[in-house]
């Protein structure tokens, strides 16, 4: 599972890392993900999830994706419920806290349709970090003694040569492609992230390819005026897509909060029937609309405005 | 027994758990009752309590009526002192900056091990639960307070799966497994307040809630409890505690 | 050299990590450093060096300090030339690039008066990072095969159990106290750092005590308005000192550039005579003035204004 | 030989080194000639060259006449795309984002090993030099270009101390030491342009500067050089190259 260093270096050398425009459409961006790829997903739970990109990949009918995310919410439901992902690596997989256990997750895991590899939250972070740093593992002090480690022989217990401490070495995770949604970036991919960053920076640096979706494309001049606000450098990015409300129905820090009516209706529908309810949801909200904007229409302007109003309130005194 | 019409079991949990937190502490709080109880403590007796959230937040002040749906949402950052990466906030536990970890649980055993992964074990689970999230990290690296509903199916002799380690197999087994720090400190339920025996590391009753008998607690527990010689009685929720709690969660998001 | 994990945890538990005011004077702050302490120094080369704090420690006549910094400039000269430091851990020790090799460094190292432990720049960073993360080492892929590693048996070569790669494990560095200068922080120690951060965040989290000097103390309200701009959290900080021009004659990003006339005169004086010249410099500029402000007077308002003018120019379009 | 009145040896070095950089590359540049040469390349033939500095800078555009005194000063960040931590920028080398590392050197040997730590060895040095800085990291993890003055005392058979690894003891010794990537690619001096033999990994002459003879290079070198069969002759600095270079460094900070 840990990739060879020479292979990682060669893959990176082959990427075009020059300062160049890389703006594409959502549909074009799906061609950066191939069947069978390992896909790292940015954001966490219902925050800054690259929902538009996931939506586009389902429409493009990708197959056998192996996805990883620190904490997985309804994005995970859609990935496995649509059949495009058969393997999820995460620390927590549910729709959210408020609605009990996801029946979509349960149905797919309990019937063996998908594999769910559980790691601790910090372990997922340290696996991305090792990948970002170009080393094959990170040492951690959690998971030890628990059954979470017992069923993950991919992690190795280790006696520290300096202190004699027992540590767990967790293997680097270098996804083939990362999907990350940000508040703004330039056409080259220099990205700014406001508020909660989650594990997105490590994920971006660890991945062999990065697709950025962004609420807004800004000029390179604007980026260069505050270079210490750039969180992901252009040369780590392979495609840039401007998608307003690109995390809907989840939140995007400072711009909109989750669209709770849509989320609640979704949860009621798929937990009522994780197969048929999911099929109906996908038909109506994913396959049905002609564009992401049409999907937003289905959510409705009233709910979007309410989410925007709440989203901006984080900056109120 | 405290009269049910005065408050819900979740309200009782939140209030009694809040009392376990001291001013000046740094507490890593999970969503739900822990977040609510920590915020309550901050507004009552611990104004200098620093609350950390898994999403990457240090020292937030949650607004009444605007409880976040998870600890990874922007509402968690309101008036925070610092917002940082999720790995960074978890590493604070590993470095030792945190006094107390505070979370809920689906299933707990006599050594304080928690299960939030599998009912029926990993090979052929009858229920696949969501999983650890940051729970394993918090329980591995900090002193723990757990708040949960007291039911026999939740208080079991041996959890089906150790998601978040308590004292593992008791005695020194936790330290011997590579976890020399932290461990279960308190469990708060709607029946009683629990600690752990210093040597065997088995769960013991420290205080019963008003009106609750020893038999009642034992009958609702799937293993033999130790009772402190001087088992006390907890003070019931005060009007002030209930008032502030209900201001924080007017829609009973977490206290229904 | 790697500290026991239990000891580190106990030391941290004993620190008062509550949200409290911790503003002290420069003189009071020196009492947070004891003779024999290991002292981590923030900034790099001539940038954001905690010069006022070093100046105060020399005046307080601390003894046998063991200092570490990623890249050491004239701060190192002063620390060893004044006799308060007898051990420097760094990747590079000189006054700067433009003036040849520091005669102060040469005199003190070549005569065995001080010990200079050389590590690669990244190794210093990874040692602070391991310390910050609460693990006893970090794996790296540099230093291998070189004489820099050969004379540092404290680092251990290691065969990766995942890949078979040869790696170097560098031990955690957890200084007793860190000295860090920032553009602004609140009275609790929540610090914002503009521009170049160097290794200051890892250093702050690794140290067992942090003394912050700051160009300006701002309100906690101001900090809370942009919590994603806080780079060091209050609970990692033990003392806060407001010291305008606290990095003089070095630079502080966005506020002033190095005071080059003072630096050039300094270099000429100490390289002409690393013992006598240093003594004269210390008498005149360190022991002589009644306060840091009097030291700034000796630099002169014209040079300060010039440095400020250049410092602000980084924000010009 | 190029006429000395037309330019200084340092100017020659900067110009010939700049030519080795290609548009679209990511180059990690040290202070002095490397910084100057990379900026020159950016203004002449490689507008899309991305320059990284050790202080924590990605994609800066240095202003003419405002050369930074080190790669850790704010001037290095002018109009940069990103400013990040020093460890982070060095880790980019380890992850593999960098095409070329570019630095100067005090002493080099036949396998391209550089010494910037000790003259006379670490036990009883006659001179303690400043040390590696990021040099060891860059040379361990990237393809290298080195620019330095050609003097016999600098071009030695075996450096007193390997600060920054070239091909170590030649052959496969670099990879066998745990450095499977990177290595010396080019050395630019005021006499000639050098590469390294693919098998023995010893330094070889690829091109002589106009007017320089084989004997002259060999006489100024402390070990036996290999000469390519088709050793070429470098093109002298053009007026345009000199003009732009002098605009960048009007005070001859690095080109005196």
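Letters are used for the chains, namely A, B, C and D, taken in the order the chains are written, and counting of residues starts over at 1 for each.
We adopt the following convention: contacts are C-beta pairs under 8 Å (C-beta built on N, C-alpha and C of every residue); 3 or more make two chains touch, one makes a residue touch a chain.
All values derive from a computational prediction rather than experimental measurement.
Chemist: Tell me which chains count as touching both chain A and chain B.
Modeler: Correct list: C.
Chemist: Could you quickly compare C-D and B-C and let me know which has more C-beta contacts?
Modeler: C-D is joined by more C-beta pairs in contact.
Chemist: Taking each chain's centre as the mean position of its Cα atoms, how many Å separate chain C from chain D?
Modeler: Distance between chain centres: 29 Å.
Chemist: Cα centroid separation between chain B and chain C, in whole Å?
Modeler: Each chain reduced to its C-alpha mean, chain B and chain C end up 40 Å apart.
Chemist: Go ahead and note the Å separation of the Cα centroids belonging to chain A and chain C.
Modeler: Once rounded, the distance between the two centres reads 38 Å.
Chemist: Mind checking the centre-to-centre distance between chain B and chain D? Centres are C-alpha means, answer in whole Å.
Modeler: Here the centre of chain D sits 58 Å away from the centre of chain B.
Chemist: Check each residue of chain C and list the ones that touch at least two other chains.
Modeler: 5, 134-135, 140-141, 165, 167, 195-197, 228
Chemist: Which residues of chain D are in contact with two or more other chains?
Modeler: Those would be 57, 77, 83-84, 91, 94, 180.
Chemist: Judged by the touch rule stated earlier, which pairs of chains are there in contact?
Modeler: Per the contact definition above, the touching pairs are A-B, A-C, A-D, B-C, C-D.
Chemist: Help me check something: in the complex, which residues belonging to chain C touch chain B?
Modeler: Touch list, chain C to chain B: 5-6, 8-9, 12-13, 16-20, 132-135, 188, 190, 205, 220, 223-224, 227-228, 230, 233-236.
Chemist: Could you pull out which chain B residues touch chain C in their complex?
Modeler: Its residues touching chain C are 23-26, 48, 50, 57-59, 77, 79-84, 91-92, 94-97, 99, 180-181.
Chemist: Spell out the residues on chain D that touch chain C in their complex, using ranges where they run on.
Modeler: 31-32, 54-57, 69-70, 72-75, 77-78, 83-87, 90-91, 93-94, 117, 122, 125, 127-137, 140-141, 161-165, 168, 173-174, 177-180, 253
Chemist: So in the complex, the part of chain C that touches chain A is made up of which residues?
Modeler: 2, 4-5, 134-141, 156, 158, 160-163, 165, 167, 169, 171-172, 194-197, 225, 228, 315, 317
Chemist: Show me the residue ranges of chain A that touch chain B in the complex, using the header's touch definition.
Modeler: Interface residues on the chain A side: 44-47, 70-71, 90-94, 96-98, 101-102, 105-106, 109-110, 116, 118-123, 125-126, 128-129, 140-148, 151, 157, 165-168, 195-199, 201-202, 251, 253-254, 257-258, 260, 311, 314.
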